[in-house]
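In what follows, structures are represented as structure tokens.
After this come two complexes, each holding chain A, first together with chain B and then together with chain C.
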Partner chain A sequence: MACLVRSWIPLLFLQSFLVAIAFGSNEGEEFSEELLLKPLPDRKVLAHFHFENRAPPSNSHGRNHHLFPKAISQLVQKFRVKEMELSFTQGRWNHEHWGGFDPLSSMNAKPVGVELWAVFDVPQSQVDISWKNLTHALSGLFCASINFLESSTSYAAPTWGFGTNSDKLRYGSLPREAVCTENLTPWLKLLPCRDKDGISALMNRPSVYRGFYHSQRLHLSTVESGQEGLGSGIVLEQTLTVVIQPETTSVETNMQPSWSLSSLFGRKVVGSCVLAKSSNVYLQLEGRLGHESKNVDTEIEAHKLWMNSDFDLSLKPDRVIRESSSLLFIFDIDKSSDSEPFDLGLTWKLPSKWSCEQAPLHASRFLMGSGNERGAIAILLKATESQEKLSGRNLTTDGRCTIKANIFQIFPWYIKVYYHTLQIFVDQQQKTDSEVLKKINVSPSTDKVSSGMLEMMLELPCEVKSAAISIEYDKGFLHIDEYPPDANQGFDIPSALISFPSHHASLDFQEELSKSPLLSSFKEKSLVRSYTEVLLVPLTTPDFSMPYNVITITCTIFALYFGSLLNVLRRRIGEEERFLKSQAGKKRGGLKQLLSRLTAKIRGRPIEAPSSESPAAESSFLSSKLIFKIILVAGAAAAWQYFSTDK
Partner chain B sequence: MAEEQNKKPCRFWIWASASVVFRLILISFPGNLNLSSRPEVSTPLTSIRRLAEGYWLKQASMSPYAGSMYHGSPLLLSVLGPLTVQRIKGQPSHLLCSLVFVIADILSAMLLRGIGQKLQMAYGLNARLLGFFMDKVILPCGDIAALVYFWNPFTIVSCVGLSTSPIENLAVILALFGAVTRRVPLAAFGFVMATHLSLYPATLAIPIIIILRYGLDAPPIKLFLQTRSVENEKSSTSTVSKQAKSKQTTHLPFLWKTVAHFLFWVLLWSLYVLVLCALSLNKYGGLEEMFKRTYGFILSIEDLSPNIGVFWYFFAEVFDFFRNFFLIVFHVNVLFMLLPLVIRLKHRPCFLAFVYLAISSILKSYPSVGDSALYLSLWALFVNELVDMKFSFFLFCGYLGISLLSPVMHNLWIWRGTGNANFYFGNAIGYACFQIVFVVESVSAMLNHDRALRRSSSNHGEVKS
Partner chain C sequence: MLADDMACNARNEYPAQVFNNENHKLNLYGDNVEVDYRGYEVTVENFLRVLTGRHENAVPRSKRLLSDEGSHILLYMTGHGGDEFLKFQDAEELQSHDLADAVKQMKEKRRFKELMIMVDTCQAATLFNQLQSPDVLAIGSSLKGENSYSHHLDSDVGVSVVDRFTYYTLAFFERLNIYDNASLNSLFRSYDPKLLMSTAYYRTDLYQPHLAEVPVTNFFGSVMETLHTDSVYKAFSSKTSNNKINSEMPLNQLSEHDELQKANIQNDELKTEKQKCPYTQMRVDLHKKLEKLENVDTVVNLGIAVMLLVVMVSSSLL
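Right, the complex of A and B next:
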């Protein structure tokens, strides 16, 4: 009995220990789900899903996760990722109508295809290896060809142009990657409730992919605990931004379409994800609504705000928050249930118009020139309406008002850029580099080894109307194996990133907020950035069908060169002269001469003086020699055959 | 006769200055000729745009070889680089560079004329030595070669088209001129510079050493011995035999001393060039980087952009695992013919130099018309010997046709997209074939000329006896 007790005690200890570990490590793990809805000026609706999963710092050994996806934490541990962002995007963000100067657009307007950047916490020499391994791991995790970013020709190491200053940063993008539901499913798998419950249940695939723009993003950052022995915490932020056109029945063109969640997504929210700490839905109305705030009784005013002469909300918001230019309605979906699903709707009663705040300069990029030999890339920065408002903010020491713009651009190696041809035009007048170019950093591309990168900082006067940058390039010629199967479609140049380092976007909430990760991230100042279009460059193709012809014809030319030159050099003077003498000395019959010429041709020797033998004898001698040769060759062949089969 | 001789140089100078004026007119044309981006004119090695890019990179305190743009010499960069940046208001952007190339062309032509005059003198002397009576006029091959160089469309195009090949050609011609006039340091300098600029003139070491050892082009030595023996038998008091006797001591000297002198100077100059290169590339990887980016680039044929050679398409199409094999085979082909040629043509070192240059311009990794211009004008030095060359009209038509068709095919393929790569490659194949026929026929004509000399000298001997 004592023995039994003795054997039980350690087990009990162990059990209690395990339980303690299990619950202890879960303590700080938090998951929250949020959805921001925002009607856009051009009769579309933006839905921004935001999921945040936090794993607190803990011992790196024996980490056990309750909510946090294990795949991600393993990724972070293995490759020592400090910060990482992966986005899958289809469609192009419309900066003019959907906004360019708010945190939502500066964080979620992404280039087409896949974009990945990561900062590593490893020694400088191992960064590239970590990057390669990371791309492979992510490729498997998200069912995408992210592994193409492994090759050094497809990624770059931006120094300051990207916004994050780190020498351990790597950036790569795949403009041609087709983003579809097979990428969304693994992304949803990382959520504790998947798309079964809570807000994510809204993600009906046909309605998401029917939209004008969708971008799924995964942002990882590690938080140093600062304590000894503890690892670092991880914050995983997953967002899906969709722009959908609501189906409208009204014929009035200037009337904003009315919509509800069920009409947008074909689904309703039935309860929140039970594992989420908070699940909120926000509705942001921008523009003219902000100025209506008066010092009236808040209760009445709140009612007025969501049911007024302009529009109706189908549900009563739990809170209303004012921002400098917009209103934010907050709904808590915990109250909804099966019998009473959450189905927020917005009905417009009067036509309304507003505009979104735009970035100081609108960037677009295009190709110049024709033909497949060379061309030029031009980036055009055009002043937007919001520029007047912004001007005067950034006075330099000498009192001039300037706008700073960073341009970051990756060139694939087959776009051979001549950096000395960089030209900058401000308001259609060419400027020298020293006038507007503040900083430039170039890393030229090496053929088949590395891609080129251009970072530059422009300092433009505030009153600028347009600025254009052009740079010339030659198109490279690739080996036949380096072309993709659809070679004639052309090659994509990844988007350029234009960021405005002296401008920061943030939502300025007047009230103190509850702990909402989405809103607090909006409150933080974020760099204003916009991506340009992806460019399609057609490259010349060789003839894919004839490598053999090319090889044989070229080798024939070499044979011609070698053979004929050697033949000329080999001809002997003496023999020739003897031949000439014999020709001059003896005039023979036509037939005889022909015969001797023929034999000479056959034997490959100059014609000799005819011997005393009769032609018949000579021919028999020749034939016997010929027979001997044939027998020799046949014997050799037979021997070869015999020995080779023997082995 | 004297009047005519006076007139001729006069006419030569008129034509030469006319060609210079023609060039000046062309370069002061605004840049819409776009010759500098023609694949026939500028290769990755000789393109001035790439040189400007290298200079820009160097000014931005980066290695000029960073990226895959510039593959030329660092010395050329420091000479021509500043000229690519400087602009004169209202003038085409690369005017100063063009002027440098025009000057290089003038110098080359003058040196060619000098070589030609030496060769002409030697030809006359040898003919007299062999005892031929002048039944035909010796053509002034120097003037002809210089005029061919001046007026060859290929030369004009590569001069106006801003490729650095005029400078490479100048270095080659300088080496030959130095050897012909027995200025050993000059010959060594030209040789080292030419090799430094484009690697292939390294083969010229053999002809230059032969020139320095044996002297200029002459009929085979056997002939002289034969003539001498005949003459000696006939009469020992004749003046011709006296000359031959005196020749006996001067014609076959083993001038090892000159050769050693040459090698010493080559060593000295190459050390000098290397030190200069190392100094200018001090911060950017040094000489190792330079060799990798210049000679390595030439030998490994990394750039597959179209040119008038056949390699680019071959290596764009060949399977990757055969690439190294074919690289070796093709480069060895340049070297294979060196020995047979030197055995058969050792009595004609200048002609040997021409053949070597022609071969390397056929088998070059990145050939341009500038290389053809060089060997074509060298060919004109031997008009006296090569008058009986076969197929010359056919070859002329071939060269003409190719140079007209090549831009058309390029335009069809690259700019219009209506043709495909085979059009242009077919053109390149045709060009290679014509060049091969040209070289083979020239060698054959030269050997036939020697044969004819021997025959006539033996006839001559027979007649005399």
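Right, the complex of A and C next:
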């Protein structure tokens, strides 16, 4: 009995050891889900879903994933992608009201349609092929027409203007791509809990697509492991940013509308995703300056933070953190379940106004000129109210204060830009280029082959009120097959990207929040960037029914002309009788004569004697025909011989 | 294949929702919808590429029709059409001979076992006039010279939400319960020309089985018939199990439902019965012989000389 017990104790140890190893190898994969809610000054609510999935470095063959989506790891492996971002957006990010200086808007205010950029880890000659295959694979994965980015007329290779310095970077954008449920569903299927559990269960499609702005973004980057033999780790970040207007029944227009998760999405959070390491909901309020109090430890003080004269929260937060002017309430939803759903609500009691911090200059873009031959594109940078606050920080070497602005634009080949017509106006005075333009990189377009790209770095004085850049272009002609079916709507020029390299947006809550990927990503200094509008350019479009019209008219005319001509030239009256007569009078061979005599006898017709004038003419006619035939055949043979041997 | 974005269109009062009835009971654009070709990708070229399977190498699997010789395929087309054509995107047309050609290629490449084409446009029956391949069943919502009409207008959304033919097809399926073994014959007989305001015409001359014996779930619905077998290497040539995938059919949708392969193991005999057409065999032999010759030029010259001789002789005889 004792020996039996002894025998299975080592077995038990062995088993637990093996189990520990099995878990240990998968322990590196982490998934966390977070939701950030933020009321916006213009009576809307921003909901930002953030899902992060990390796969640790491992041997490149034999990756076993239990949380990380296999489709993405196969994509990274096959196309050797170092970093990639794909975003699907509809709506315009309202910089005036929703801010432009915080990390959230810098990273999530994306251009309309599909935007894809990728950095590869392949030799320079293969980057384009990898890009092409990547676009096809992504179009199959996300049910979108991303494969239109494969042709060299739709993508560009930015160098320094884009913010990522690499020569293996490719960037493409499709402004007219529609975004709908079929794009969100495969994106959600990459999550371990799909859209069935946890925070992603909130995503009611009609609510998401009813919003003023919605943008789903997928960012993946590889993390090099220092060790040899190990492949690289992958970090996959998926975010969905939605701006929704809550329905409100209150009559007062001063008050912000009260909302709750169920009124925004029609659903509540019932339990977190069991596979997630951390599952949090954050509520960020801006402009909370009046509640400075050093002592938040006492119960009453803490209570006042989330239930006070201005507003009420329906649930008690687990933690409250403050940064310079914003308050962050943290809710942990691990405790919620079916019986206790998590339904956070915010009720406003007093009207409050605040403003979100904007980027130093507000960028907008528009077209100038009229007609279908030429036009001009202008970018206008206007100072915002945050400009004075931010200006003190940038000093150049000679003590002047300047704001640096990078402008990156792609022009399709049918917008033939004349780079020498670039004009820069600062405070409505034209400046010579060398004063303001510090760096410029131009890649001219080639008709039907590649698109044009323009990268500029401007250095503007800090007190600038407005700056304008204008450039002229000619409109090109498209081939008839290159027109889309709705050609008369016009053609799009993708958004320009304006970034401010001297400013960095970060939101640093001083407390130690290493566990939250969302807040640690806010902590990192990210480039302040804003995208301009997409421009719609009407090009000359032909009347597509004209080929059909032309063919029918010309064929009718030809038919009438040649028909009448042939009739006039060849038709003779009484032709048939003459033919019969000549047939009867021809000298025939023996058999034929016999036959004709036989038929004549049967029919009872008189036998006609063969005429004798014709043979001479006929024989010469025959011989001329023969000679002609021989000459034709000989000529054909000679030509064949000549052309076949002549190389 | 959806040419237009309807659900998330800015004009749609109900975003991400597409209804087929005024009562808004059923949202066809559910959470699991997948649209492989949309927008400018819906072209006649892409449609024919999907049918025949001739894609570029980079095209991913989800955009291909992965069918084989055991598949049952349902092809449903709707939109505007006319005498022997169907409109694509208001700029192109799919002609009946193109469709017949694609189906013929599919048959030669053994891409389907049975194909059912359902067309809901004006003069729909003319679209399959040129079909010749066997095992194809086709039904159109109207004959030549007749129009197909929409069923009712949803004044909330502002457009007509379903066509008559499609509405009565869906109504037929809604009447069935899960255990009914309805046949295609009952489906085709259920169309009433007075209600449709057109004659639903179907063509069965290319389809061998009797319609009364074919269950509707052969093409619509996902019914799996599994045959358990202990032995791995026996061939089941007559009884094959067909696995179908079905999805919703909203307005203006061109959807293809493809089938998975049979459960039996491949039989070697099936492969060797590939018969070559005698004409192609002759051409191949001739080509081989020509390749063996070293100097083709002398042969051609000799041929021309002989031709000259023949011409001279024949004309002297005349």
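Basically, the second predicted complex is superposed on the first by the 512 of 647 C-alpha atoms of A that agree within 3 Å, B and C clash if a C-alpha of one lies under 4 Å from a C-alpha of the other, contacts with A are read in each partner's own complex, and residues count from 1 in each chain.
The definition used in the following text is that a contact is a pair of C-beta atoms (placed from the backbone, for glycine too) under 8 Å apart; a residue touches a chain by one contact, two chains touch by 3 or more.
This is a predicted model, so every value here is computed, not measured.
Once the two complexes are overlaid on the shared chain, A:D508 sits clear of chain B and of chain C alike.
In the superposed model, A:E463 lies in contact with neither chain B nor chain C.
Once the two complexes are overlaid on the shared chain, A:E224 sits clear of chain B and of chain C alike.
Contacts of A:D167 after superposition on the shared chain: neither chain B nor chain C is touched.
When the two complexes are overlaid on their common chain A, residue A:D433 makes contact with neither chain B nor chain C.
Judged by the touch definition given at the top, the superposed model places A:E524 against neither chain B nor chain C. Shared-chain residue A:T185: touches chain C; no touch with chain B. If you check the complex, the residues on chain A that touch chain B are 370-374, 413, 416, 418-420, 440, 442-448, 452, 474, 476-481, 540-543, 546-547, 550-551, 553-554, 557-558, 560-562, 564-566, 568-569, 571, 573, 576-577.
Those residues of chain A that touch chain C in the complex are listed here as 90, 132-133, 136-137, 139-141, 143-145, 147-148, 150, 176-182, 185-186, 195, 205-206, 208-210, 484-486, 544, 622, 625-626, 629-630, 633-634, 636-637, 640-641, 644-645. Touching chain A in their complex are the following residues of chain B: 37, 49, 52-53, 55-57, 60, 62, 66-69, 302-306, 310, 312-320, 329-330, 333, 336-337, 340-341, 343-344, 362-363, 413-417, 420-422, 425, 429, 432-433, 436-437, 439-440, 443-444, 447, 450-451, 454-455. The residues of chain C lying in touch with chain A in their complex are 5, 7-9, 14-17, 29-36, 38-41, 56, 58-63, 89-92, 297, 300-301, 304-305, 307-308, 311-312, 315-316, 318.
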